[in-house]
Each structure stands twice: as C-alpha cells, then as structure tokens.
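In the two complexes below, subunit A is the common chain; its partner is subunit B in one and subunit C in the other.
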Partner chain A sequence: MAEAVISLADVTKRFAAAGPPAINAVTATLAAGRITGVVGPDGAGKTTLIRLMTGLLRPDGGRITVAGHDTVDAAARIHGLIGYMPQRFGLYEDLTVAENLRLYADLRGLPVAGRGPVFDRLLTFTGLVPFTRRLAGALSGGMKQKLGLACALVQTPRLLLLDEPSVGVDPISRRELWRMVRTLVGDGISVVWSTAYLDEAEDCDDVILLNEGEVLFCGAPQDLTRRVTGRTCHLSGIEARRRSVLAEAVDADTVIDGVIQGRNLRLVFRDPVAEAGRDLLAGLTGVQPAWRLDPVPPRFEDAFVDILGGGPRGRSALAAGRPAGDRMGDTVIEAKALTKRFGSFTAVDGVSFAVARGEVFGLLGPNGAGKSTTFRMLCGLLRPSGGTAGVDGFDVAATPAAARSRIGYMAQKFSLYGNLSVRQNLRFFSGVYGLRGADRQRQIDRMIDIFALAPHADAPAADLPLGFKQRLSLAAALMHDPPVLFLDEPTSGVDPITRREFWSHINGMVERGITVLVTTHFMDEAEYCDRIALIYRGREIALGSPDDLKAQARNGDLPDPSLEDAFIALVEASDAADRSAA
Partner chain B sequence: MTRILALVVKELLALLRDPRGRSVVIGPPIVQLFLFAYAATLEVSNVAVAVYDQDHGRWAQELVQRIAGSPTFTDIRSLDSARDLRRAVDTQAVIMAMQIPQDFSADIEAGRPVSLQLILDGRRSNAAQIVNGYALRIVAGINADLAAERGQAGAASVIVARNWFNPNLHYHWFTVPSLIGTIGMLVGLAVTALSIARERELGTFDQLMVSPLRPAEILVGKTLPSLLIGIVHATVFLLVATLAFGIPFTGSLVLLYASLTVYLVSVVGVGLFISSLAQTQQQAFLGAFVFIAPAILLSGFATPVENMPLWLQHFTLINPLRHFLVIVNGVFTKDMPADTVLANAWPLVVIAAVTMTAAAWLFRRRLG
Partner chain C sequence: MSGGPPAAGTGRARRLRALVVKETIQVFRDPSSILIAFVLPLILLFLFGYGVSLDANRIRIGLVLEDNTPDAFGLAVAFTNSRFFDTTVARDRRSFEDDLVAGHIRGIVVIPADFAGRLARGGEAAPIQVIADGTQPNTAVFVQNHVQGVWNNWRQQCAVECRTVGSEAIGVESRFWYNEQLLSRNFLVPGSVAIVMTLIGTLLTALVIAREWERGTMEAMLATPIGVPELLAGKIVPYFGLGMASMAVCTTIAIVLFEVPFRGSIPGLVAVSAAFLCPALGQGYLISAVTKDQFVASQVALYTGFLPAMLLSGFVFEISSMPEVIRILTYVVPARYFVSSLQTLFLAGDVWALLWPKLAVMLGFGVLFFAIALRSTRKRLD
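This part shows the complex of A and B:
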C-alpha cells in the first residue's frame, strides 16, 4: 500500500442533534498519488465528507489527518497543501477567466513575478486560452469546471479535492476533465473526486462508496464489481415487449436487478447466469425462440445494487389502476420546426419530431445545447419564436390552458412546496387541476397508498428523504391522470434503487398508453427511451432509438459503443461538418 | 373557482407553516405597532415657548394662562422686547414666540378682529408645525368661548369642537390609525413581493405555469391571500387602537374597510410588479425596500405633505399611502363624511388599477 495522504478514523458528523448523522463512523485511508472516488447518490454525505477533509467542518467524533496534520488543530497547514474545488464552482461569475485566476493567485499569496508562466501553463492545460477575457458566468458548464480546476491549481497542491466536478458537464468535457486529472496524478498529485455517477467510479483507482452517511465499500472498484461477476447478462430479442418482460423478470426470485438498455434488458442474477438464466427463461410468459441471454461484463452499479440487497420488484400499482391504452401509435406530442431566439442568439433552431402514444421519447444533449428550451416550449413554459408545439391535439401556444391540462410535469429538482405537508401538496395540485369533492379525496388517498406516503403524510415535504420526495413529485404530476408526462432530468443524482422504482412506474404507465417526454444528460436514463433526439447547438443532429445511435457510432475502434460513445461521436461529427461547411 | 381556492389555501399555508413567513406576518407588525406608537410618537411635549405681551389686558392674560395650562407647553417665558423675542428664537431657547399686540383685549371687547403674531422656529419644521397647530387650537378655544359668552348655543359648539379636534393633544390619535396604513403596506408588500420570487427560486413557479391555471388566475390567487392578511392586520390594529390605546373610533367601518381594500389592492399590485420583475427573493426584497422607503417618507406620516416643495407635493399624489392616511385618520377620529372619503379614495382606485394592470402586463411578458 502506498503512503496515506488522508486517514479517517471513526469520523462522525451530524447537523441536527435529533436526526441521523450526515457521516456515520467513517474509517478509511486514502493512498497518495491516486484518484480516490467518493461515490454515492445525492444526500449520501459526499460533500460533508470532503468538507471534513478540507478542515472546513469539524468532526463531531473521530479524527482526520491530511498529510499527517490533524484537520482540527492544523487546518491552516492543511489549507496550504490542498487545492479544493467546491460544488457549484467557487468562481466569481462577474469576473473574467483571467481575473478569476488572478484572484485565486492573490488569495494563495502567489508572488506576482512568477505568475505569467503559471497562468499560461494552466490555461493551456485546461484549453481556456481563447477565453481569458470572457466572464466566468458566460462559460459553459464544462468550461466553468475547467476554470475551477485551474483556480484550484494556481499553487501546485499535494492534494486536490474535487466536489462533483462532473455535474452539469457534457460527456465530452467530462472526458477531458478526467484526462486532465489523470495528468495531474501522473505529476504526483493525489486527487479526491466525488460523484453521483456510478460509471465514473470505475475510472477511479480507489472508491469510497457512501450511502446515507455510511461507507458501504472502500477499495478498488474492481474488487466491488467482482462480486457480481458471472451474474450479469443481456436479455435480447424482446424489443417490443421489453417493459412488461422487465416487470416480470424483476419479480422473479432469481433476479436481483434489471434495467432497460436500449432494446435489451440488463439483468443481474442472484446466482451465476448459466443456470439461473435458464430457470428465468423457463418461467417467463410468452417466451419466444428469439429471446437470448448473453453474459455481459459487470458494472459498478450492478454491484452497488447488489450490496443494497437488490432493486425494487413488482409491478407499478400506479399503472395497475389505469385502463389499458388504446389508439397506441397516434401522434401525441409534435414539434414542428420549433425555433426559439433570444435576441440574436438562436437557442433552438427548427427542431421537429413526433412522439406516438405509449412512447418514451428522450431529448439528449449537452447543457446549453437547447434541449431544455425545446422541452420548455413543448410544455408551454416558453413561447416559440417560430414553429408549433402540439400536445394531445392542442396547440400549446394557441390554447395553453387546454394543452396544459393534458400534461403532467415533473421538474428537475424537487419543486413542490417544502413547508406544506405531503397531503397539502397533493390537495393543492389536485385543486389546481380542477379536481373537487369525493374525486379529489379518492385520488389523494390513492396516491398516498400507491407511493406508500402514509407515514409521511403530515410531514413537511422538505423533510422527506430524497426517495420520497421523488415519489411525491411524481404523485403530484399524475394527480389528474394526464395522458402526457413531461420529465425534466427526473432521476439525476438519486440512488439507483429509487431510479429503478421510478422507471418501473413510468414503464407501467407507458404500457397503458401514457406518452413520456424526458430530458436527460444521463446515459442510463436515455437507455430507457424508445427514441432519442440528440440536440446540439440548438439543432437536432440525430434521431433514433438508443441502438440506432450506437450503430451510427460503431467502427473498428469501437465495436460495441456505449450510448455515451455514440453521443460523443455524433457531436464530434456534427462539429466536423460545421467546420468543413465554414 | 376550485383552482383559485386551491391557490389561495396553498398560499396561506405556505406562509403560515413557514416559521420565517410566520414571523414576517405576525411578529414585527405587532412590535412595530407598539414601537411606533410609543417611541416614534410624533407628539411634541415639554416645549419652551415665549410670550411677548404688549397688551397685559384681560384677554392676553386668558390666552397666556391657557397656554400655560396645556401639558405641551411646560416652560413659558415672558419677554419684554422684540429684540429678546428674536434672540429667544434665534438661540433655539424657544420653538415658538407669541407676540400679543397692544389693544388686543380692547379690540376683543369691542368685537373688532384682532391678530396675533406667532413666530416659529422653521429649522424644526415638524415640531414647529405641530406647535403651531396646538397654539391655533388654543386660540380657537378662546374664540369658541367668546362665541358662547356672547349668548349663542354654547353647548352645541363644545360638542363640535370635540368631534373635530384632538383636545387632549394625544399624538397616538394620529400615529396609531396611520400605522394601519404604513404597516399594512409593509406586510402587504413583503408578502406579495416575495411570493412569486420565492416560487421562482424554488422551481415551483414552473410547476404552476404548466398547470391549467391561467396567468390571471395566478395573479388573483396571489392577490387574495395578501389582501386577506392585510385586512386581518388592519382589524387587529383597529382593535388595539380602540381597546388598548382608547382612541375613539368615530367614523364608518364600512367606509374604512372599503377604502382599505382598494388601498391594499394598489399595494399588492406594486408587490406583484416587483415580484414579476425579480429573479430572486433578494432582488424582490430590495425592490420592495426601494418602494417602501419613499412611500412612507412622502406619505405625510412623518413629514406633513404641506411642508414639502410644491413639485414634491404633486409627486406624492401617486403614493397610495398618502391618500389612505387622509382617509384612515379622517374616518377614525373625525367621522369623515362619505363624500370626503370618496374624494380621497378615487385616486386609490386609479392607482390600484394602474399597479394591477402593470403587474399583469409584466407577468405575462415575463413568460414569453
């Protein structure tokens, strides 16, 4: 084992005396010269743990040493050794790139004389040379993180702590960030990288996996992934029925986890695939000869779900109450040459697509590419500058109230009334959608029942655990049985169990004729979609099923591209086409 | 209707279940009521005045005694020359000097009109104005007594005097009713200005906008709760004013509540306008502050409007608080008749219409 750069001994931190601790008895050692991932869903305690490591928070119990210094007694010594990049950019948005760098150099007491070469090196390293005069607030998410990284590096630190550096960063910039951090590790810097994206865990040298303030696993990610080796497979050949097959499969005792990946299912078995798979196929209804089980390499996420005791099972009770959908295949959501201009800037440029009843349609794209703007025009939050948006037969701009009554909407972050109780929130949303009397009460009771909200029904919504907030948001969006559901990055940051539960409801509803439009930059979520429109620089650069998009990116170097590979390839191809046109 | 009702209930719950919201609505207004009523009272007392009596007759004596008898004027200095008078005012030894001319008593006895000269220290314009008012009242008292002495229906004139004036010179009688207007504005504005901005910050605003609620319904749903809270406040203040401070309520409750409603709508309109403009609660708060400070300064609450330069007096006409203060004080202590109330209330109707229209326009525009 290499020399330890951070050691945590039985560290506990609580913010409310009564509540559960934010960090509970964490013991871990972080080796020098490596990338250590602090991995876990939102609310797991990642930021708290990193702030404890920087000495910005004092532990309530236990001891932390950074490079041999105690964080309580020698916080100032530690601050001289580390670079820290807080979540949400510790940048001054009203200063330019160069001014931000200068400010951090001043704060670090870097002598003015030696600054020129340092700045040049950092700007070159982060690719920000052309943007030194731009305001930090005007940078894209990825560029902000690169600038944040540069600011944390003005004085070469021994230890670099990055709190969720990849949030709001598109896949291309994310790969660049990883490359940069790898270079730094090569120079002998130790790095702590926190993330809610489980796929990033596999790129770390070591991982501290946190859930609800407790360490589930500490060590090399491969050691964790190994526990599910031989138990993971794809079920293919089921394309049209994959949602109902998934619901049935995860109900089987042999299956501990299942998700949709494009046209296939990814299943994790309790026992090795060989026999367990045969048993499963024997047990499913309507098995066709074309159905096949192929082993696939395990992922970190599979192992995480395995530790947590498996994904949720069963069918969605929400869908069970709905009549089976009819007129499947009719067009329900339609964008025709949708365009939005803000001043001279064209945010969305002639985007067109049609979504059929019972389809899950994804808008995928980097931040600032125009996917949110497209989404907001379709649900009536923004007026298009050109083109039309139609929902369930209504023109959103011409008859907004009628169109909106057909829509259920779930915002990206929890956006219900935090100081209203669960029941009051449901009462409000049912009232807003015109439900009254006994219908209203029946619907509220039904939602509380389906989402198991009863124990929290009178608690303020803000105090709910994250998973329950998610359920409440979905319940509020579905109060009026809308035929169309708009989801804005519905499960970013939530733990994998909650995400599966959420999608089991969505899948069930879709089977019964609900149409779903979802924006996401999250590849796992995109895999659940029937079709995806890839939005880049305001234009729709690709449209097709996840497997179609992957096929477009397939080449000799990438025989089996992931959706992220496909995303990057398509965006780069679009850039190349723009360059040759220019 | 169900939709608006749901919105109103939500709005009230959101405010009252939030400890911070609760404290904004309940705590400070009550504290301010007592603070303003006692500490920030505009009463002028323990004032030194000078009298330069050139008459020394019966009526001059009567006048000096009445001044000495008023609790406001505790220090009466007798002067012997115009030069002393000038020095007394110059050195701020007294705030007012009264010059009683020769033949003052003789003229009164003969039934001829007389004049008195009051010299006031204009450097302390507020206090001087108030002292001036006191002095005029004392003189008016003498007039009334004179009229009575000369065989007119004395009892009647005494009653009229009580209704019209504030004979004991209690300044609570002005301050406390005025607080219905000023604090009503503070709370009404704070509640509405923050409401939309808060929803923007929390992301619940989008959630509202994708519901079938029309913009007009949202505005109504935002206006009613603030109106309700404002009216509850006013009622509490009314009760405190009459029960705790013993201020007699002389006018018509219907007139008061009707004008209060129009007044609050105009204030809520301003609040909604600010709220539509602001992206964050912080901006909304600053916006409210930018409005409230001049609205109170230019209302006649602290500085009489008549003391302001003429152009500024015209400017105060767009201030709803200025009009409402006239109404609330008039209705409260002077039994202001309906036509006078109306004369002061129609500008409020205009202001309310303008602010609400502007808020609705901006609100729609911000959706584009």
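This part shows the complex of A and C:
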C-alpha cells in the first residue's frame, strides 16, 4: 500500500453530550495519490469527518494526522498543504470568477509573478475561460463547482478535500468533474471526495462507507461489491406486474434486496442466483413462461444494502387499505403546451404530457431545467404564461382550489413543523384538509398505524430519524385520500434502505390506482417511473419509459447504457441540435 | 498561532490586502451595504433634522376667559401673542373639555371670574388655572412652563406700565449658551452621526460576518493559511473606512443643509469618530462570533448596539434626568462618550480637556472588545 496521507485512529466527535456521537470510533488510513470516497447517506457524518480532517473541527477522542501533522496541534501547517472545497463551494457570489480566483491565490500565497500561466491553466482546465468577468453568483451549479475546484487548486495542494461536490450539479458536469479529479490524481494529488450517491463510490479508488457515524466498510469498492458477486440478477418479462411481483419477491426469505429498474426487477439473493432464483420463481404467484432471471454484474449499492442486512420487507399497508381503482388508464394529469415566462426568460417552453391513472410519471432534469416550475404550474401555485394544466378533470388555472384538493403534495425538504409532535402535525394537516370529528381521528390513527409511527407519536417531528420524517411527510400528504400524489425530489440524499421503504409505499398505492408525479435529478429514483419526461433548458427533449430512453442512447460504445448515460446522450444531442440550428 | 511558509511577513500583508480588496468590492456590489452605510443615515438625518423636534412651538391651548375686566383681556392678549401658543379663546371651560380629551389641544388656561379682584388683592398665588394633557408629559411640562413665562412677562409689563415697584419688577432674564436658539436640531443632528456609525460599525459588520458563515465562505477561508489577526483586520479595515466616509457625508449635510453650527476642528472630529469606531466595530465582530445567523446577528446588534446608542447615549434623553440605575448603565455604552464628544465639538469647539477622557474611554472599550475577539476566534468550527 502507498504512503498514508491521512490516518485516523479511533476518532470520535460529539456535538451534544446526550445522543449518539456524530463520528464514532473511526479508524482508517487514506493512501496518498488516490481518490478516497467518503460515502454514506445524509446525516451519516461525512461532512463532520471531512471537517475533522481539515482541522476545522477538533476530535473529542482519538487522533488524526494529515501528511504527518496532527490536526489539533498543527492545523496551520495542514492549512498550507490542503485545498478544501466545502459544500456550496465557498465562493463569493458578488465577486467575479477572476476575483474569486485572485482572492484565493492571495490567501494561499501563490506568488504574483508567474500567476498568469497558473490562472490560464486552471481556467482552461475548468472550461471557465469565457466567464472570467461573470459574477460567481450568476454561474450555473456545475460552473460554480468548477470554480470552487479551481479556487481550491490555485496553489497545487498535496491533498484536495471535496465535500459533496456533486450535489446540485447535473450529470454532465459531474462526469467532467470526475475527469478533472482523475487528472489531478495522475499529477500526484491525493483526493478525498464525499458523496451520498452510491454510484460515485464505484469510481473511487478506496471508499470509507459511513452509516450513522460508524465505518461499515473501508477499502477498495470492488472488495465490497465482491460480497454479492453471483447473487444479483434481473427478473424480466413481468412488466405490467412488476410492482406486485417486487412486493412479493422481497418478502421471500431467499431475497435480501429488490428494486425496480425500468421494466425489470433487480434482485439480490442470499445465495448464488442459480438455485435461489429457481426457488423464487417456483414460489411466486402467477408465474408465466416469459419470466426470466438473468445474472447481472453486482453494484456497490447491492453490497451496501447487503452489509446493512438487507432491504425492507413486506407490502405497504397502503396497498391493502385503499379500494382498487376501477378507471385505470384514464388521463388524470395533463399538461398541454405548458409555458412559463419570467420577464424575457422562458423557464418552461411548451411542455406537454398526459399521465394515466395508476401511472408513475417522472420529470427528470438537471437543477434549473424547469422541473419545479412545471410542477408548480400543475399544482396551481404558478399561473402558466401559455398552455393548460389539468388534474383529475379540473383545469388548474381556472379552479386551482378544486384541483389542489385532488392532490397530495410532498415537498423536497422536510416541510412539517419540527417542534410539533407527530400526532400534532397529523392533526394540523387533517384540519387543513377539512377533516373533522371522528373521521379526522380515524384517519390520524390509520396513518399512525400504516406508517408504524406509534413509537414516535408524541416525539417532536424534528427529532425523528430521517426515515420516519419521510413517512410522516408522506402521511401528511395522504391525509385527505387524494387520487393524485406529487413528489418533489422525494428521496434525494436518503439512504438506500429508506428509499426502498418509501417506494414500497408508493408502489402499493399505485397498485390501487393512485397516480404519481415525481420530479427528480436522481437516476435511481427515475428508474421507479413508468415513463419519464426529460426536461432540459425548459424544454421536453425526450419522453418515454426508462428503457425507451436507454434504447435511444444505445450504440457501439455503450451496448448497455445506464439511465445516466442515456440522459447525457440525450442532453448532448439536444445541445448539438441547438448549435446546428443557430 | 504560528507556522505557515517562511515568507510569512509578506504573505501576511498580501493576504490582508486581498481580504480588504475583496470586502471593498463586496460593499460596492452589495446594495444592502450601501443601503445601511449611506441611505439609512440620510433617512435618519432627515428624520432628526426635519421630522423630529423636541422644541415646543405653537402648542395648541384653549383659553377660557371668565372675567371681563381689562386686566383679564390684557392677559388674554399676552397669550394670543405668545410665540409658544396657538390660542383659542372661549367663555366657557366646558367648550374645551372635548377638545382636550380628543387631543386637539394640549392644555386649558382659565382666567377665572374673580381674576381682577384677586390680582388687586395681591399676595395670593397665581390666580389662573392651568389644565395640561398629562398623556404627553413632555408637552404638559412645556405648557406649564410657558404659561408661567407668559404670566411673568405680563406681570412685569404691568409693573412697568403702572410704575408700581414690586418684587415682580426685578425679573430674571435667562440666556442660553452654546445653543442660543435652544434648537433641538442643533444637538439631534450631530447625535445622529453616532447612531449612523453604530449602524455601520456594529450592525453592518455583524451582518457581513454572519453572512460569510451562512454562505460557507468563512469555512473555505478558515481552511487556507490565513491567520486570525488577518481575518479580523480584513473585516475591520474596510468598515472603518466606510464608517468614516459615512460620517463625512453626514457631517457635511448637517453643516450645509441643516446649518448646525460646527465650532470644533475637522481633526478633532476625525479623532473622536475614529476612537468610537473601535468599540463599535469590535462589538459587531463579537456579535458575529457568538451567532452565525444573519437574523440573530441583526437582532443582537439592534438590542445591544442601536437601541442603547439611541436611548442611553444622551442623544435624545438627557442622562442626568435618568433614574440612577439607568444612569450607571449608560457608562458602559460607548455611544454615550461619542454623543457628548460630538455635542462638544459641534456646539462648543475643541475643548480637549473634555474630549481626552472620552477618547480614552472609547479606545479602552475598543481594545477590550478586540482582545476578547482575538482570544475567542479560533480557526475552527466548534
């Protein structure tokens, strides 16, 4: 193994005397000249661990050395060696690109002579040459990220620490960033990269996998993925019934994890696929000859779920509680040439789609593409500049109140009252939706029952674990039994187990005829959708099932493209078309 | 904290310069800084220059004339001629009661039916009755004093006209020094310079540092080789400059537009203002060390900086007339020393015997605040 750039020995950090520590007895060694990923869901302790490495936080127990310097005694020396990009990139938004760069060059002691070539190299490297006079605040997420990186690199550091650099950044910029960081590692810089996206973990040389402040795994990602080799497969031929088959499959003892991937199910077995798969197919109800099990290469996420003891089981009680829909297939949500202009800027430009009852429809696109604006027009929160939006037979612009009463809405951020208890939150939302008396009480009790909130019913919502917060948000959105559910980035940054559990509820409701509209920039979430509209620069550049989109991107170089590959290919094709048109 | 590259000396100067340049650019690009540094001061200045007046001119009163003697008429004329009163005359006191309750008039003066008789008898207490609106105590006192004044003038006039030599013939003639016209504007406008500088020094400084925490730029800076003194100086220097610039604008407007007398010297004014900016900036920095949230920072700055400067500095309310406990409290309000120094400078001149001790106290507070700030700032987040 190469020389260590960071070593952590039994490091513990607490922010509150009571409660679990944010970082608990972490021991790890980070090799020089490699990309080490600090990987884990939100709240796992990634940012705390990186701040401990920079010396910005002091450990309560244990010792950290960076390039041989202790982070407590010699923080000043460490600050001379590292480049650090905090979340939100640490840029001054009212300074231009060049001014930000000059500031960090001065702060990091880059000699004034010979600065020109360094700046030129960094600006070329990050593709920011045309934007040097633009204010940092006016840059897109991806460009901010690149500028943040350039600022951290002005004085070539020995160690580069990047805290969630890919949050709020579109997949194309994310790939470019990875390419840049790879180049840096080639020049001998050591990199620490924290992320909540498990697919990024596979691109790291080494991984520290964190969950609730503890290290679950430390080493090469392939070593973890190897755990599940030979145990992963696709179940195909089940398209129309994939949700109910999934619910049944994950209940089988032989299956430890299952998710929807396009028209297939991805299953992880306890034992090798060969025998276990046969047993499973024998046990499922209504098996047809078309159902096939094909082994697929394991993913990091499969192994992560495996190491945590498997995904959630059981069918959502929501599936049982609702009457089956009788008008499946009717159009429930309809956007016709929906357009929104803010001054001279067109945020949404002629977006059209129709969603049928019992369908999960996704609006996929990078931040700022116009997803949220489309969403708000469909909710009646924004008035369209052109086109119409209809929900469950109501024109949203003409009768927003009636349309809204048909919609359950779950916002991206936890938007319940943190200092009210679970029960008080539910009482409040049932009141808002006009439930009274016995009905109200019955509905509250039902939600507490379905989402297993009873043990936390009197705890303040702010103190709930993330998974319970999600359940509570969903319960509040479902209080009035809406036929349509709007989900805004429902599981970004959520750990894989919680995400599976969340989707088991959604799948259960969809089986019963609920219609779901999801916005997301997150590929895993998009895989759960029946159909996706790809939104880019306010326009709908593709519409189809996840597998249709993947098929559009298939070529000689990419025989089996992922949804992200498809996304990038479609966006690049759209850009190329714009260029040739111009 | 030591360490860093060998060329720490030049590196330090360059880092400091870079921070000052950055902060200055931000001030000019951020409309809220300009708002607090130049627009808000102008609004304050115009409010105190035009809007707020502690002078009681033309107070509306009702005069009830129950007596028909020439003496009573003479006194009534004295009231209607007074520059302090806007007098309405009636025969019956009941006709004013509603006006007083409604606040249309601030007082009622009654010249009773037996006025002339009691006057002739002499030796008795002033035979007129004054009813003042106690809901506005300040005005009520003015009414009382000015009625007394009108009465005394009228008696003296009588004495001269009647050539009777009585005790009233020897009157007291008041003369005010330093603010001859007793214009409240003459001490309110210089005093508002202190408020403006508190806003810039304390509120603006606390806000911009809290903003750096909120936006995550502070975290990025802390992970560079920058030192704590540079960080502190990088914030202090630009806002010191901004405070002085704002002071210059305010003073110019005070002198040119409001014609407030300025009897001191410019070096004196600069010295006093510079000394006051030390504690003001130090306080702003300390607030942001306690809270990293812009909203909380602005609340704390308002309650510990702006309000004391407004209420406890002697700017609006005279310190000598405050209850003892509050009076003791004013000694720890740096603005108190600044307000009285400003009043000395504007209305009396460079009286260094008075200014030196105040300068020393302000600098003392400043040194104390900066020492605490330096001690409490670590290059860490916890």
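Just a few scattered comments:
To be clear about the criterion, the second predicted complex is superposed on the first by the 582 of 582 C-alpha atoms of A that agree within 3 Å, B and C clash if a C-alpha of one lies under 4 Å from a C-alpha of the other, contacts with A are read in each partner's own complex, and residues count from 1 in each chain.
What we mean here is this: a contact is a pair of C-beta atoms (placed from the backbone, for glycine too) under 8 Å apart; a residue touches a chain by one contact, two chains touch by 3 or more.
What you see is a predicted model; the values in this text were computed from it and never measured.
The superposition on subunit A brings subunit B into a clash with subunit C. When both complexes are overlaid on chain A, the residue A:R436 reaches subunit B alone and has no touch with subunit C.
By the touch criterion stated above, A:K336 is placed in contact with neither subunit B nor subunit C. Once the two complexes are overlaid on the shared chain, A:G90 sits against subunit C while remaining clear of subunit B.
With both structures placed on the common chain, the touch criterion links A:N419 to subunit B but leaves subunit C unconnected.
Contacts of A:R427 after superposition on the shared chain: subunit B is touched, whereas subunit C is not.
When the two structures are aligned on the shared chain, A:R446 is found in touch with neither subunit B nor subunit C. Residue overlap on subunit A between the subunit B contacts of one complex and the subunit C contacts of the other is empty.
Residues 15, 51, 54-58, 74-77, 79-80, 82, 84-95, 99, 102-104, 106-109, 112, 135, 151 of subunit A are the ones touching subunit C in the complex. Within the complex formed with subunit A, the residues of subunit B that make contact are 2-3, 5-7, 9-10, 13-14, 17-18, 21, 202-204, 206-214, 367-368.
Contact residues of subunit A toward subunit B in the complex are 379-383, 401-402, 404-405, 407, 409, 411-421, 424, 427-436, 460, 476, 486.
Subunit C makes touch with subunit A in their complex at residues 1-5, 7, 11, 14-15, 17-19, 21-22, 25-26, 29-30, 215-217, 219-227, 379-382.
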